[in-house]
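Below, each structure is written out as structure tokens.
You will see chain A twice below: alongside chain B first, and alongside chain C after that.
Moving on, here comes the complex of A and B:
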């Protein structure tokens, strides 16, 4: 087990390294850079920009140095907690700090909701196959999976406004937007949170219900279920101890991809619902060719995703002795 | 309703007090979209204490469903009908009339009647230890002492020939070889000293040398405990070795029944004859080449009322075999055959 953990950590480090360089390189692929944009903007305003000016700007942003050097500086900055400056002039640290907590909170809460609803409903569906409840659960999860979250978001925004005259966009009402933390502000946050949560989690919950149902149905037909029944184990007890337990393994493994999905799936939804999370910020950063900001956001999102995978791998190893022995043996 | 043959075993050479289970007109049907699948269609037999009943037949003849029916663990949408009188200490319970999920049925399952399955690979949970699964058999039947359960598990693992049983008890089944796993399965079945053991093809998934060891083990345990055994196998050699009586199943029906000597040395039903000819070492007529039975068992969905073997039978005679399912006829004491060849003669 210890061996396994150490090796898992090693591969994670390598993954993160390769990932960070890839992000850094990809973000620079589009032709032109922030300086070009600035120059073009000034030219349209009638300014004349000289070659020297351009060179100075390049040097100022560090764009004149080779990519490996810039990557090294960026990563070093990242490790000591200095993410550089956005083209807007603000520190990337501040921009991200404003939005990171909400982003993680939304993804984690979305994950919890996905599992809290998806697993029990999936179990019900599988154990009551072809019942009315199973059909309802199936239909709802199918709709949840196939209707895009942002569309559900728009519909909810519209309905809430029409029926209750409420504006449910954003995380806070106007009066609490920049107020200091208080119980009332927390209450306001919770009131605003459940619509985006619902919208964010509806797709992954639908998917999880279907996965759980299919996996459990598969496990229920396995021989070990009949063995346990033949021993005289009552059905309810048997269900939780054997097939559900085994069906949970692939579900736990799916944390590794549901979590990043919840992180990145937020972009369009967040734009529609006007949520102050990282997604929309990344969107603007990319269109502005704001390399420092976009690569930092991408790296942070990737780190969170990698973290999700590690958590699911470790959980899986704890829960499934086959993995523990197979991977820990040598 | 299809008229059913009355199979009788009154001449079984054992005393009535040894009678443990009387199965009467057992039918297990699966209602499928394609029609009614009659996996077991009106079979009757007796199981006696200290005696091994072999059950043979090709794959798909309804042997496993028979075993599942006795324990009332037939998967959905199977429905079990018929009488299964279970005798215990002057008391008789009709298992056929019990709700599969009832306490009464659960108290019999794994306690009075235990089962060994074919696939030792998949019959255990891969995420629970051997000991956990053995001890569970103990706990679910009201015996709650943890230390005692563990001691019993180790004792049985040792008894079935698993070396270092006190260490193996904490291992997972994927750490054991196929043969060891089957031994562990047998140990699990013995946890509550059952009065009847159902072994559904316990050696089919194992290689030949291991097969012989497992058969010896079952025979030894049977002799030591005096339990009744329903031994299902398509290995006729194993059946000849282990069983006292043999029931030959074809398409959900028992087509021939008798002692091992009667059925295997003097087979009467064309299906039994064909089955024996298809197996090395059992050439019914010496010197004949091995012959596989042409065709296949097929799936008995809405089967017509006729001899199920007629389509594959070497001795099919349109003049004789046109009628409904032939009744079982006693060709010698204790030896019954359900075939028109004998029906016509008697």
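Moving on, here comes the complex of A and C:
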């Protein structure tokens, strides 16, 4: 187990290094940098910008050094928790700190909802194959999987406004936005939260229902199930003891895919629903060529995704001895 | 089906002409593709979706004809709700489809533009009319449109903030949005078969490296990376270049799915007896791949491609929606959806949601066809 963990962490470290350099290198590609933009802006305002001034600005942003040096500085800054300055003048740390908790909370809550709904509904679907409930679950999961969250979000925004006169965007209503925490504010947050949660989680939930149903149906048709039934084991006990446990394996493995999916899906959904998470910030950072900000957000999002994969791999190794031994033997 | 299989086909089957065979014999003589088609045909929803899909692509290829107006020509009516089409005149007599003349009057209390129908002027809707001239595929100059109302305005879905007909724009957008799917998947199919093929065919260290790369790309959240790559497209590039760049960027991440399928299929097929036999008989790599491996995996590949296309279409829609993929003056469904980005806009002009519905229908249709193909390609069903 220890051996497996060490190997897994080693490959993760390499992944993270490659990933961070890729992000850093791509962000640098566009011709012209933040200084060029600033100079252009000042020139349109009628300022005269001298060559020396440009050079000083470049040096100030560290843009005059070679890329590997800048990468090293960036990654070292990242490790000690200093992400540099955004072109808006604010510290990237502060900008991200404002939004990171909500981002993680939304993805984790989405994950919990995916499992809380996906597993029971998947079990129901498989044990009641071709029943009305199965058809409903199937249709909903089909819609959830094929229609992207942001389109569902746009349509829900409109319908809620039309039917209930409600504006469901954001996390808080206007009157609670900067109010201190109170029961009323919590209530307001919950009222606003379930729509984004639904929109974020509907796709992954649909996928999970389908996987759960398919694997469980496979298991249920196996002979050990029939033997156990013939010996008089009650269905519920049997179900939870063997087939469901087996069917859970691929589902634990899917955390690694679902978590990046949730983070990725959040980006557009957050823009539509006006949520204060990292997605919209990334969008503006990319359009403004705010390198320090956009590369930091991208790295954080990728790290979260890689972290999700590691967690799912380790969980899988804990649950399934075959994986531990197979990998350990190499 | 199980009854049919009990009797074995007659040995001279291959020598006789097709119309001499009985239905049962035809089943045994059918090629893999014929069998697939038979199964696919039974899946009514998939079949109907296939027809819709062909229809959508046919429109995308020739949208200039089907659209009553040009995608960027302004109709003078700004933020107009969809035009009402009438069939009966003031006296209640049926006169066929027509529209009334329309003017926008500013309501002095709300300062909103309100459309007012002028019941004295009627414009019948006619088919195959002469209207705005265009050049189809840059070759044929013509001014035929499928329908139109002459001087009157038929705005089936309404207009945008510049008074451009949204229906015509949705049709125009289908050319970019639908073709991104095909072109993007074609690129990722090339990449996927190449890398997946090397990994699956040669195995050993090539497999190790490529599998790691596939895993690596699979573990990063796609959309942020797409956004990053799309954001480096220079703003002053012409539409065609932006189009190809966006498509390439999308395929850079989607090929891994296809590569994974190609790899696992090849790994499976390589252990089959007939492949080993061919190899021992001295077949070259090329012959092995083209004559023995490719036919074995083609049907699965087609299924995967059908499933990958809608995902590519959605990626383009999301990127353009964010302003990072296609951008005006290009018209794509994602570009059109930018008008539906905030709730005030949608509430004032709900018809701006129409492109979303078109996208959803397209995605559904593709998924149904993919489902039908998947069932049809599975020999064990």
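Following the convention adopted for this analysis, the second predicted complex is superposed on the first by the 301 of 330 C-alpha atoms of A that agree within 3 Å, B and C clash if a C-alpha of one lies under 4 Å from a C-alpha of the other, contacts with A are read in each partner's own complex, and residues count from 1 in each chain.
One rule holds in what follows: a residue touches a chain if its C-beta (ideal position, glycine included) is under 8 Å from a C-beta of that chain, and two chains touch if they have at least 3 such contacts.
Here the structure is a predicted model, which is why all the values come from computation and not from measurement.
**Q** Quick check on the superposed pair: does A:234 touch chain B, chain C, both, or neither? Answer first, second, both or neither.
**A** first
**Q** Now for A:73: first (chain B), second (chain C), both, or neither, which partner does it touch?
**A** It touches nothing on chain B or chain C.
**Q** In the superposed arrangement, which partner chain does A:294 touch: chain B (first), chain C (second), both, or neither?
**A** second
**Q** Once the shared chain is lined up, is A:19 touching chain B (first), chain C (second), both, or neither of them?
**A** second
**Q** Quick check on the superposed pair: does A:148 touch chain B, chain C, both, or neither? Answer first, second, both or neither.
**A** It touches chain C, and chain B stays clear.
**Q** Quick one: is A:222 in contact with chain B, with chain C, with both, or with neither? Answer first, second, both or neither.
**A** In the superposition, A:222 touches chain B alone.
**Q** Quick check for you: in the superposed arrangement, does A:320 touch first (chain B), second (chain C), both or neither?
**A** Once the two structures are laid over each other on A, A:320 reaches chain B alone.
**Q** Looking at A:268, would you say it contacts chain B, chain C, both, or neither? Reply first, second, both or neither.
**A** Second partner only, chain C.
**Q** Quick one: name whichever of chain B and chain C touches more residues of chain A.
**A** C
**Q** Considering the complex alone, what residue numbers of chain A touch chain C?
**A** 15, 18-19, 23, 26-27, 29-31, 142, 146-148, 150-151, 154-155, 157-158, 161-162, 167, 169, 256-257, 260-261, 263-265, 267-268, 271-272, 274, 279, 282-283, 286-287, 289, 294, 297-298, 301-302, 305-306, 309
**Q** Where on chain B is chain A touching in the complex?
**A** Residue list for chain B touching chain A: 68, 71, 73, 75, 101, 106-111, 114-115, 117, 119, 122-128, 136-137, 140-141, 172, 174-175, 185, 188.
**Q** Any idea which chain A residues touch chain B in the complex?
**A** Against chain B, chain A makes touches at 221-224, 226-235, 237, 241-242, 245-246, 249, 319-322, 325.
**Q** Along chain C, where are the residues that touch chain A in the complex?
**A** Residue positions touching the partner: 216, 218-225, 227-229, 231-232, 234, 310, 314, 317-318, 321-324, 337, 340-343, 346-347, 350, 353, 356, 359-360, 363-364, 367.
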